[in-house]
Each structure stands twice: as C-alpha cells, then as structure tokens.
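Structures incoming, each one as structure tokens.
Below, chain A partners chain B and then partners chain C, in two separate complexes.
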Partner chain A sequence: MLLKEISYVRPHSIDEAVALLNSYPEAGILAGGQSLINVLKMRIGAYSTLVDISALEELKQIRDSAEFISIGAATTYDDIIHSPVVMVSRPILAETAFRIADQQVRNRGTIGGNCCYNDPTCHFPPLLTAMGATMQVYGSDGMREMSAEEFFVGYYQTALASGQILAGIRIPKPKRPYGDAFVPLSVGGTDVLNAVTVTAHVELDEPGTLTAVRVVATGVAPQPLRMTSVEDFVHGQTGQFSDLAGAVATFDMSSLEPPSDVHASGLYRRRMVPVLARRALKMALEQVRRGYRE
Partner chain B sequence: MSTVFTDNKTDTIRWTGKSIPRKEDDRLLKGQGRFADDIRRHNEAHVYLLRSPYGHARIRSIDVSVANEAPGVIYILTGEEVAVLQKPFMEIAPPPGGLMEDYCLAVGKVHFMGEPVVAILAETEELGRDAADLIEIDYEPLPAVVDGQAALQAGAPLVHEEAGTNVVWHGVYDWGDIEGSIAKADKVVKIDRLHFHRFTSTPIECNAAVVEYYPGSGEYTFWCNNTMPQFAAMFMGPALGIPTDRLHFVTQDIGGSFGNKITTYVYLTICAILAKKSGRPVKWTEYRTDHILGGSHGNERTFSDIVVPVMADGTILGISAAAIDDAGAFPRYEPLGSVIWSQVVPNVYRFRDVRIDFTQVVTNKCPVGPNRGYSRLQHMWMVERVVDIVAQELHLDPVAVRKQNYILPEQMPYETPNGCVYDSGDYPRCLDMALELIDYPKWRERQQTARGTGKIIGIGIGSTLDSGTNNFGQARIINPQLPFSGNGEVSNVKLDLYGEVVVTIGTTPQGQGHETTAAQVVSDILGLHPDQVRVLIGHDNARNVYTGFSGTYASQFAVTGLGAVQGAAEKLRREIVQLAAGVLQADESEIALRDGSAFVQGQEERAIPFIGLANIVFANNATMPPGLDVSLNCTYTYRPPFKVPDVEKKFGNLTLTYSTQIHASVVEVDEETGQTTILDYAAVDDSGRLIHPQIVEGQVHGAAGLGIGAALYEALEYDEEGQLLTSNFYGYKAVTAIDVPMMKTAAIESPSPFSPNGAKGMGEGGGAPLHAICSALQDVMRQKSGAIIKDSYNPSERVYWLLQNAEKSRQGVSVEESGHGL
Partner chain C sequence: MSNTPSVSRSVAVTVNGTTYQRDVAARTLLVHFLRENLNLTGTHFGCDTGHCGSCTVIANGKLIKSCMMLAVQADGAQIETVEGLAEPDGSLSPLQQAFSDAHALQCGFCTPGLMLASKYLLEHNPNPTEEEIRRGIKGNLCRCTGYVNIVRAIQNIAADSAEKGDLVK
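== the complex of A and B ==
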C-alpha cells in the first residue's frame, strides 16, 4: 500500500453514502479509483476517509427508457462497452469508453469518476456536453439535476458540492437521425493522452435541416467549451451542408488561452482546435446523412 | 513472419540453430519466476528513500528528530553520516571527471531531482514513507544547468564545485585526413546542430534488492537484479572500505534491464550501510516514479559544427563534428560512453576521414547509464542523419547514397579508420531485402497518389550495427591508468551425482533465453536433448564461476557466454569419453554419446549411461579405471582474441563482432496535425550464425519497439530548474504493444570468423528505428517544406511545426563548394 493512513467506509445505499460523506470531515468518494488512488499515491490528495460507492448496485445500472439512457455513475467503462442498450441507442459512448487506457483500467474506471475528476484530457466531459447530458446529483436534500455544461466548471472542478454524489447521467435518445463524433488528438501512442479533443453532435429535423448542433472543445479552456458560433452557423443548414471550414472559421481561435505543458504547447493546442472541429463535424454530418445512428 | 536465409549448416548439429521452446517460458508464463522482489528474509526491514524535489540545491539542514520517533522507524540515514561511513565512489575518468565526488546519499547539496537525500529503514515500507513525511529539510535552491552546451558556458552553475568544471572528459578523435578530404571534395555539407534526446528503456521490473550483513564473516549478500555485479563490486568495495570478496551478489530472474540496471551500486550501497547498522536484512523495491526519476537514463548528445565533404556522385569522404554528451549529475558508468561510440566510427560506410571533438559534461539531471544501443546509437543516428541530409541537399536518392557508400561484402573483414575490424556482413543485400519486404516501388507510387490528400507518405532507411563483445581495453583511451582489457565469460558444465548435466554461467539473463541457448549448445556437444540439460541461471560470486566481466550487457552472450559453455562442454565431453573408453575398454576414438549414454560405435550394447560414469567419479571411485584423472566437473573461460588498443592513436579493435540491422519504415504524416503513423515496417538482421532464430527475432521486435517509442513518444524532459516533467507514465509515454506496428523481419547469416560459433551479439540493436523514422520524416519534409530533421525525438507537435515553418530548421544547413577548409 502506498497511501497515507486513511479510513475506508463502504455504505450499503446511496443515502448511507451521503450520510457518511456528511459525517466524516475530509471525506472523498472512491469509485473505480483509477485517478483518485494515483492522486493519493502521490500524497497530494487530502482525504482522511474514503467512501467506497463501487459496490452500490443502484449506481451501476444502465437503464433504457423512451426518452433517455440513464447510466449510473459507478458504471465501469467496460460495462458501458458491453451494454446492448448503449450499443443500440448511443454507441458513441461505448466507442469512446473503449479508447480509455487499457482493459485493466476499463474494468475499474467509472464514467462518474471520469466526470468528477474532470481532467482536461478526460473523455466524457466533452462528450456528455455535446450530447446534452443531464447530471444527476444526490445530496442530503435529495436529487438535483443540472446540465453537463453547468456541471463541468473548471480544470478539475465540478459543480458537485461537498457531501454530494454524482449519482447518474441521463443521456437523451434522439428521435430523429443524428450524428455523434469524438475526435481526440492523442500525444504519445495510440489513445494515450488527448491533448485536445473536439466532440460534435447534430440532428436532422423533419424538413431536412440541421438542428441541436453542439460542438465542444476540450483541452483548450478550463471547461469543455461550446463553440457556439460554429453551432449557430451550422444550425438550420441542410443535411448536405459541407462548408466545414466556413463554419469553423466563425470561431475566434485567438480567444482561446490553452495551457502549455510537457504534452503540448498552448499554441499547438489552439491550432488543433479548428482541425479537430472540422473533422468532428464532418464525422457527425456523415452519420446524419446516412442515418447511421438513427 | 520471419524468413531466415541460412548458408551452409551441417547435419550433425541437431539443436543449435533451431527455435526450440524456451526452457524459461514455462515458469515465467505461469507467474512462477523468482525475481528480486520475491526474495523474503526473516526479520527483514524496509528501505524508503526520500528524494530531492530540486534539480540543484544546497542542503542547509535536515531535521529527522520527529521522524525518528515515528512508529516502526528503525534507522534514518542522511548524507552527513554517509560522508563518514563511505568514501566517494571511484571514478573511471581521470581529472576533471575523476574529481567529482559521488556518495550514495546527497552530501551537502542535491545535484538532480530524485537524488536520494535520506534513507529511512522501517518495519514496513509504508511506515518508512509515513516517517519521511515528518522529515524537515531546509533547501537553498541553486540555479540549475540542464543542457550540455550550456554546461560549458563560462559562468554556468557547477554541478560539482570540487571539480571546478562541468567537463567530465574531453578528447579529440582524429583519424585519416579530414582537411585533405574537405580540400578535394566537390561539395561540403554543413549542419550546425543535431540533437539526440534523452530517453530510457523502461524495464518491466524496477530495481530491487534484499541485502543482508553477516557480522561473523563481514560478508554482505545482495539478492538483487544488478546485471553487471562485478562492476558494482569494484565501486562498492573501496567505497565501503572492505575487500570486494565480502560482497556476495546473487541474481535470479530479471525482468529486463537494457543496461539500465548496471549502475544500481549506489542504491545497493545504501542498503549495505543500513543492513550493517541495523543488523537486519533490508529490502528495497523501487517505485516506477523513483525508477524514472533516479534510475538510469540514456545519454543525450548534441552534435555541432558538422562538416561533411562529399563528391558529386554522393560519395561521402568523411565527417568532422563536435559532440557534447550530457551524462547527468554523476559520471558513474561514464565516461565510457565517450569512447564506446568509436566502436562504429563510420557506421556501415566506407568514409575514412573522421574528426570528432568529444566532450562529456555533467548537468543537473538524472545520471545516465548504459541504455540499449548505448553510445553507438547516438553516433550512428548522427551519421544516418548526415546521409539523409546530404541526399536531400544534393538532390540525390537516399537509397542510392547509402548503396554508394556502404562497405561491401567483399571488403570483409573490414578495418575501420580507427582499427575496428568488422567481421562479416552484406549491407547492400540486407537493404535490398528490407526494401523488398516493404515493397519499396509500391510505396514510392503511393507517395505520389497521396499528394494533395492531406497525408504525406515518407519512406526511410536506418542502417546500423550492433557491435558486441567489448574489448575493455578501450577504457584506457579514456583513462590510460585503468587496468582493463579484453573480455571473457566463464561457464561450468558438469555431470552431477546422478549423471544429470548441469550448466552454470556467470551471466545475468533478463529475458534473453540463456537457459535455452546454453542447453542447445551443450546438447549438441554431449548428444542430449535440451530437456536433459539443466541450466542454473544467475550470477552468484560466492557459489558459482564468474569473471570480472561477468554479466549480461553489450550484446555478447552468444559469443562470450556460449563460447564459455561450448568450451566447458567440450572439456566435459573429453572427460566422459576418456572415462567411458576406460570402462568399456575401447579406444577413445570409438566412443560416441547419445541420449545420456556413452557407447562404442557399432557395438551399442557396449554402453554406460552418464549415471554410471558419475557413480564412478562421485561415489565409487575405487573402481576408476587406472591412469585416469577426471572430475566430470569442467570449467572453461572464453577469452576473445583482443589486443590492448593504441591509446595515443585511439586505435584498435574495440569489439569482436558487428551484427547488422537494416530497417525500412514507411510513415504517413497528417499534414494538419503532424501526427505520424507507421504504415509499414521491415527489419533485416544479420547476426551471424543464429543459435535460436526465434529468440533473435524476439530481440529484433523488442529493440524495434523501444526505438519506435523513443523516436515518436518517449522523452525525459526537464525544465530549466531541473524539474523532470515526465517522471511517471502520465508524462513519460512509454511505448506499448498497440503502438508497435506489425513488423516484417528477415535475417541472413554471415558467420563471424572471429567468434567461437560464428554467432554475433545482437541484443541491443543499433537504434535503427530512430534512424529509419527520422529518415522517413526527412522524406516527408523533402516533399513539403524542405525542413531538416535535427532531433531524434519527433512527436506530432514537432513534426507539425517543421511542416509549418522549415526556416528555423534550415538555418545552419548549407552546401558549399569545397576548398574552404574547416
């Protein structure tokens, strides 16, 4: 064991988990541990108690309904990859989960953990933002819902308050042809570390025009960034829309102040945003046109 | 798929040359291997090392008083006490490098981030780590020097004030007549700077040891994974003030080393001091982050003022350059790298006129140590860059320029400008095979069709040598006082009490399959199946045979290790034959061996099994046939035919064998992102006679994988304060299996005329992927910006900027008419 001495509690229900979180000072939530344990190993995390939610079955369900897929926050990447519900309704979730690290990590890491860690290289924050997901936050005053955009507030920061748990994520099931795209730029080998990622979502309405357009960049701003000018440009165009460069050119790249680190310079990151945005839009539009994800 | 082209092979050899199942795999694949961290001793205590968070800082004070009272703490060792208990480690270099003081813990100041500052011995590793949190160290940060060229500037911070300079070693290598070459050349190509980056090889098993001190004999036992134990002993004995025979090293299974585990003597010394102090066996196992921070890095080298005289047809006449090698904070194995590169001065080329002004410096970075391809790959990378840059700047075909300049098979054995004798090889044939494997014309076509698609295809060649079996006499070129020369390994082959054949060797295999290949050699000599031969691996200098060179490093086992095994097995065979002839009352010439029995040829009923022979010698020796003196216990030391090099002229044969690797790579670069994808890859090797083709191919794959990682993903990067920015796998993007493309391999066998079995060492490879990928990227740039690939490390971002703006990389690169002189 590499950690400092730490208390560990394993609640039997989400209510008990919330109660424990509120009764221990400096309590943190342990789910898959794929980021948290690394942080504790480096002794930079300051938790004195870990509340282990990984055994809570109610947080590990993938539920299907007419309007939504609901994914429990403690659902592992591997469970998402192998979920028939996900594969039928929003396969991008499985495709993206499959790109995370290796099988050992995917066996343990959870979608909720990925969201709550909210590292700019994390896969799900930009994807869920583009998908218009709803985050279900559970606290002592019950369940509260917020949009993904409200949830991801800054580098490693979420809207989750102390004593609250991310219980689940609700992802809409579009009723019309749609496209989802996840386009990362991995620095290092295959799917190693995504310095910049752009995700996109589009839908095609009855008259044949593009709607519900969302284009989200991450790795270049404190939170997953909606490229609203691009979205507005594409919105209302026909399904045959192809002026990707024109759409992306509406976004003021100079407004971005991406970080520079050992993985990539800020300038390179900024330069990659339009490239990836074009590719993500292209991919989403191709899907919409062939109704692939209808 | 591997294609092996075999020359002539005799029918009497049954096992050597075949890819039999590896003897070690059964236990390793079942998780039954026994590694250093698997060793447990009664009452063991655990070492935790508190390391420097600074690249360079004075230690004002260390307060361990609170930590001393922490639960489970047995002993806390600091540099202050080390300075009393330990003499500075010996240095290989003469002054100024020889003046640099190296202790097992930081004394007075820290020289690199990750340097051990305090060692805590505790009941458990966790308690040690908890106690470390209670230690207060007052550091005064000092300006750091993190670049080799900067280390030479006047006023640069000194890593070691006691030396008065950051220079470890400086020497000018000058062979032939470079001035004359420049005067008679048609063109002179000049390149201001090429930079070979810092990376390491990431063995799966980190460093580990269990160390026990016996007061009764004054002996220390090190169950460890050091891969060159007698080199470690040479440093540790004098440092601890004890005879080196009190240092008993034991190795077992080792999970990779690539040279990185040679310099662990520093850590073993900490453990030795703590074991004696505490009277307890002490156990130390490195964390991965510790390994990356403070293990052993590969040499970083900057080449400057490169001048290349060339004829119009692309014939390269020579190279003149300055090389600055960055050794990190302490020399340790260095400055041997300052001469080892000269094993392959012209790489695979015929040019004769070479001048290299070589300086090795210290910086505030982790000390370097041997790393797969050690010191030669840096130099050969520079030569391969020169070839590609010459081709591009003179508008010549890089394949044609290579063929124009390759040493030819009919010139073998070939003496290089500095007296190294390339034993055998056929470089043009290997290149043709590599090009055929990738279907070179097809890719040249696709390169054209890809134009305008946003993807640029590049084809590159890496031609290299893996020089194996060092002549340690080359160390005298660094320091004439050193009492080293030649090389050697020793093996014992015996019949055991019940007739089993048992082999021991002084080596420290770490994945190379010594048990298997040694058994193959012995089986052929004694007429056995390899399953009937037991090979006890590992170095054990109290119980087993060894020489001062024993270990596993520098691409030599096939020559020195198997040479020793062969010699010992042949000796044993003679004794078996003598004894059997006496017992069977036959002439020695009539005796044959098969399946563990000796018999009279043609009369197979006249036979005696090995157990019968062993019984006579070990348990029934009153029945020994008269006049015989056999022990059935045979030791042989293989000594390669070396002479001491001429130290003044820096001239002599520095290694015995020179195996060839010619790699061809096809890459695709995404013009918009700079991302490089390998589309096709071929590796053609000539390692002389192959003992076990599959093991050789495994080494080829491994070396290629590490090289590809180094070329595209892996770099040990420091900031200007000496902070390592890539100290874990989040930052240090070690290559994984999915990053390594499907590889096409082939081999030819040009037997070495100098080795006892025609084999050549080949475990390191010559870093060919670095050369081949840089070459392919140069081919990409040639089609676009004309940028020059000046760095060995080319992640996506660097490629992107080279495509965007060639100007910066082209600065300092010129082609001049000759006659200008240097």
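== the complex of A and C ==
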C-alpha cells in the first residue's frame, strides 16, 4: 500500500535528531521500521515527517562496564543475539530477542523501537521492567534517566515527551546468583504474538535468602504490571523456596481487566496469569539455586 | 540546520553490483523502488504487511523484507535480489539448481524470497539441521509446497557444498 506523502530526513548525530524533532513537532522517529512502516501503511498513525535514526552508530553500541550493560536504542535484535557481552552478562536478553518474529524482522527491528512502540505483546517492556532496567532519554536539555516502570505508562504509551529520543537502555549486572525468566503465552505456539507474558527476576543474597524479586505480567493491564504481593511473599524466603502456588495465590487476579480480542478472551488471559507466573518463578528459582545461568 | 526533511530525495542504491542514481519519493517502499523504478520485478510484492516474505532481499549483508523499509533508507546500500543469483553466463546457481532439482516450487511466487532466505541461512550456518532450516525460512510463506521440498532443496545444497567444500552461492 502506498504511504501517505511524508517528509524524510536522516540526521548525522543524536543532537541533530533531537534538534529536528524540536523543529518539526509533527515528526516521528523511524528506526528499524518493523512496526512503524505497518502502522503508516494501515493509517493507524500518521506523521508528517520521519527522522531516521537507524544509521546513527552512536545508538547501536553495546557497552560493558562493571555494573551495567548499556544497549543503544537502535541496536537490532540480531545484534543483541550475537553480542558476546549480552551472552556472558545477561543472556535472557538474547534468548528473548531470539523469539521475536523471523530473521528478516530481527535484522531490522530494534530494542528501542520495541520499547517505544510498547504494544502489550512486545517482548522487551515486561523483560526490562523485571530486570530493573534504566531508560536513557535524550532531549534538548540533555540526558535524563528513568526506570523502566516509569517509562512504560500505558497501552502504546511511554513517558517519552515530544522532542525526546530513547537513546539507550542500561541493564544491571547482578553481583550475586540470580535468575531471569521470560514466559509467554504465544498465540499459535510460535512466539508470533504473546497474548500474555510473565517475566521474573530473583537474586540470592549472602545469607541464602531471596531478594530483588520482581514478577511482571503484561497483556493484562495497560502497562507491564508488577505483581508486588507475589514479590513480597517470595522476598526473604530461603533459596529452597518452592511454594509457588502459595506465592501466586496472594495476587488478586480479579483486579485484572485484560482486553478481549481475536487472539484471546479477557477471561482466558486473566486465568493464564497465575499459570505463567508459577512457571516464570520456578524457572528463575531453578537458575538462582544453581548459582549461575546456563 | 544543514539537513532538512524533504518529500523526495536523490538516492544511490547498488543492486547486484550496479549502482542506480534515482530521485525517489520518501514514501516509496524499497520493494516498489526495485520493481517500478528499476524494473527488477523478480522481487515479489505479496501481503504488504511484512508477514509473507515474498519481498525478501539482502541489504548490506542482512536479510530483510523490502516492504518494511523505505527506499530512501537504502541510500548507499548494497542490495542483492534474485536477479543476482544466476551465474554471469545466465546458467542457474547451485542454489537455484537445487530448488529446481527438488521441485521446491510450484507457482513460484514465494521462490525469490525463499532463495534469498536460503542463501542467507547457508552463509551463516552451512550445515543446518532440519529444525534450523525451518526456523531460517520462518519469515517466508509458501502456499503451494507445504515446505517439504524447500527444506529438502536446502538440505541437498548444504550436503553438496560440504562435499565439495565450497561456499554456497
């Protein structure tokens, strides 16, 4: 389908990109385009101008430090999958990117685009929320950081203001044994579309108790939802903790009002949350007990 | 600002080794640019939603769907399409021959995209398992063959290349 007439510009730096976004308030940011081009084709959204950041090398770096991995927003899924830094320090990022769509989409689609689109079926919003990631937002007043929870505010909505760019994502490197899990209910069983996803993260502290517990459900609420009662129940338990049903039962599922659509009814989505939450916790706990991730 | 948005741009795109300089509207998809501006109609236009993979090409060494990329984004890029697969004398490349031998096509609409996906797969994984082949061509839909003969063609060319020790073209 022919797109509506649109203006295009390819800035040479992130500063120039921000300046362009501030000069053209109707402009949108184009990176991999694997969601945006379809949105434009189907007239779901419209921009008068596209600012193409996909060629900016400064937004495509994966950097390692003692405390964090930093991933540029325009880094493709395929680059995350093949990053030695990711594989050594936080392999769940590569494992999750590997689930997305197909080779063609993974070669173009970016982690920043996945976050900024923030479709409830997107892979990275719940994962980054569970990992305690920090979103680096760049605007005309410089770099600002916010937590993933602050960033993902609602269906297709982020805290990104007009004239701002998501420049990168900082992911902590836990200093103690930890577990990460990403458990989707995939329509068709092939990760094409995740109707509901639960992600989990746990760490084991020196005395052998569970800490930094985060359990996040998506597809059932406007934003990735922290299941705080489950987290509180697990926090402080020993590493041998196994009462998954008890932990998950603390969460009031009737408070969820997930949408119904062609892929799954709201009732089905709600009923799958405890199932997926138990699986995600189990997986994360198995990793933490081994003391390393396989 | 030196760089201002415009509704059309002059682009230089190298396709199968030939560089084309063209003025193109910013809203033009790469697949339409290839087919209508360059008359390279081997790249097919199927679903228009990024699902079918018929428009698959290789851009700067990466397998992509050309209906999910703007032509202006390909400025300066090296593109490989199905027209670039055959040998210089016009004879079929080993990959094309393998598709023909295994009867890996019926109507042929998906074949250009599937051959580029196969080429990319074998360049990155010269000896794939059946599961890896099926995963590698997941982005390309075929409504005729049921994929069995396509998988067989890829297995045959992988086995041949392993025997001869040469790279798949």
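Just so we're on the same page, the second predicted complex is superposed on the first by the 290 of 294 C-alpha atoms of A that agree within 3 Å, B and C clash if a C-alpha of one lies under 4 Å from a C-alpha of the other, contacts with A are read in each partner's own complex, and residues count from 1 in each chain.
One rule holds for everything that comes next: contacts are C-beta pairs under 8 Å (C-beta built on N, C-alpha and C of every residue); 3 or more make two chains touch, one makes a residue touch a chain.
All values derive from a computational prediction rather than experimental measurement.
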- Message: According to the stated criteria, A:Y268 is in contact with first (chain B), second (chain C), both, or neither; which is it?
- Response: first
- Task: Please indicate which partner A:D52 is in contact with in the superposed arrangement: first for chain B, second for chain C, both, or neither.
- Result: second
- State whether chain B or chain C is in contact with more residues of chain A in the superposed arrangement. C
- Task: Based on the superposed arrangement, let me know which partner A:E5 touches: chain B (first), chain C (second), both, or neither?
- Result: both
- Task: Give one of first, second, both or neither to describe whether A:D141 is in contact with chain B, with chain C, with both, or with none.
- Result: neither
- Looking at the overlay, what does A:E206 touch: chain B (first), chain C (second), both, or neither? neither
- Message: One more residue to check, A:E16. First (chain B), second (chain C), both or neither?
- Response: second
- Now for A:Y24: first (chain B), second (chain C), both, or neither, which partner does it touch? second
- Query: Who does A:L185 touch here: chain B (first), chain C (second), both, or neither?
  - Reply: first
- Item | chain B and chain C footprints on chain A, overlapping residues | 1-2, 4-5, 102, 190
- Message: Using the touch definition from the top, list the residues of chain A that touch chain C in their complex.
- Response: 1-12, 16, 19-20, 23-24, 27, 30, 33-34, 37-38, 41-42, 49-52, 54, 78, 101-105, 107-108, 190
- Message: Quick check on the complex: what are the chain B residues that touch chain A?
- Response: 126, 129-130, 133, 287, 672-673, 675, 709, 712-713, 717, 725-726, 730-731, 733, 735-736, 738-739, 795-797, 800-801
- Task: Using the touch rule from the top, collect the residues of chain C that touch chain A in their complex.
- Result: 1, 3-7, 9, 25-27, 29, 48-50, 53, 56, 62-65, 67-70, 72-73, 75, 117, 120-121, 136, 138-140
- chain B contact footprint on chain A (complex, rising order): 1-2, 4-5, 43, 102, 185, 187-190, 192-193, 261-265, 268, 271-272, 275
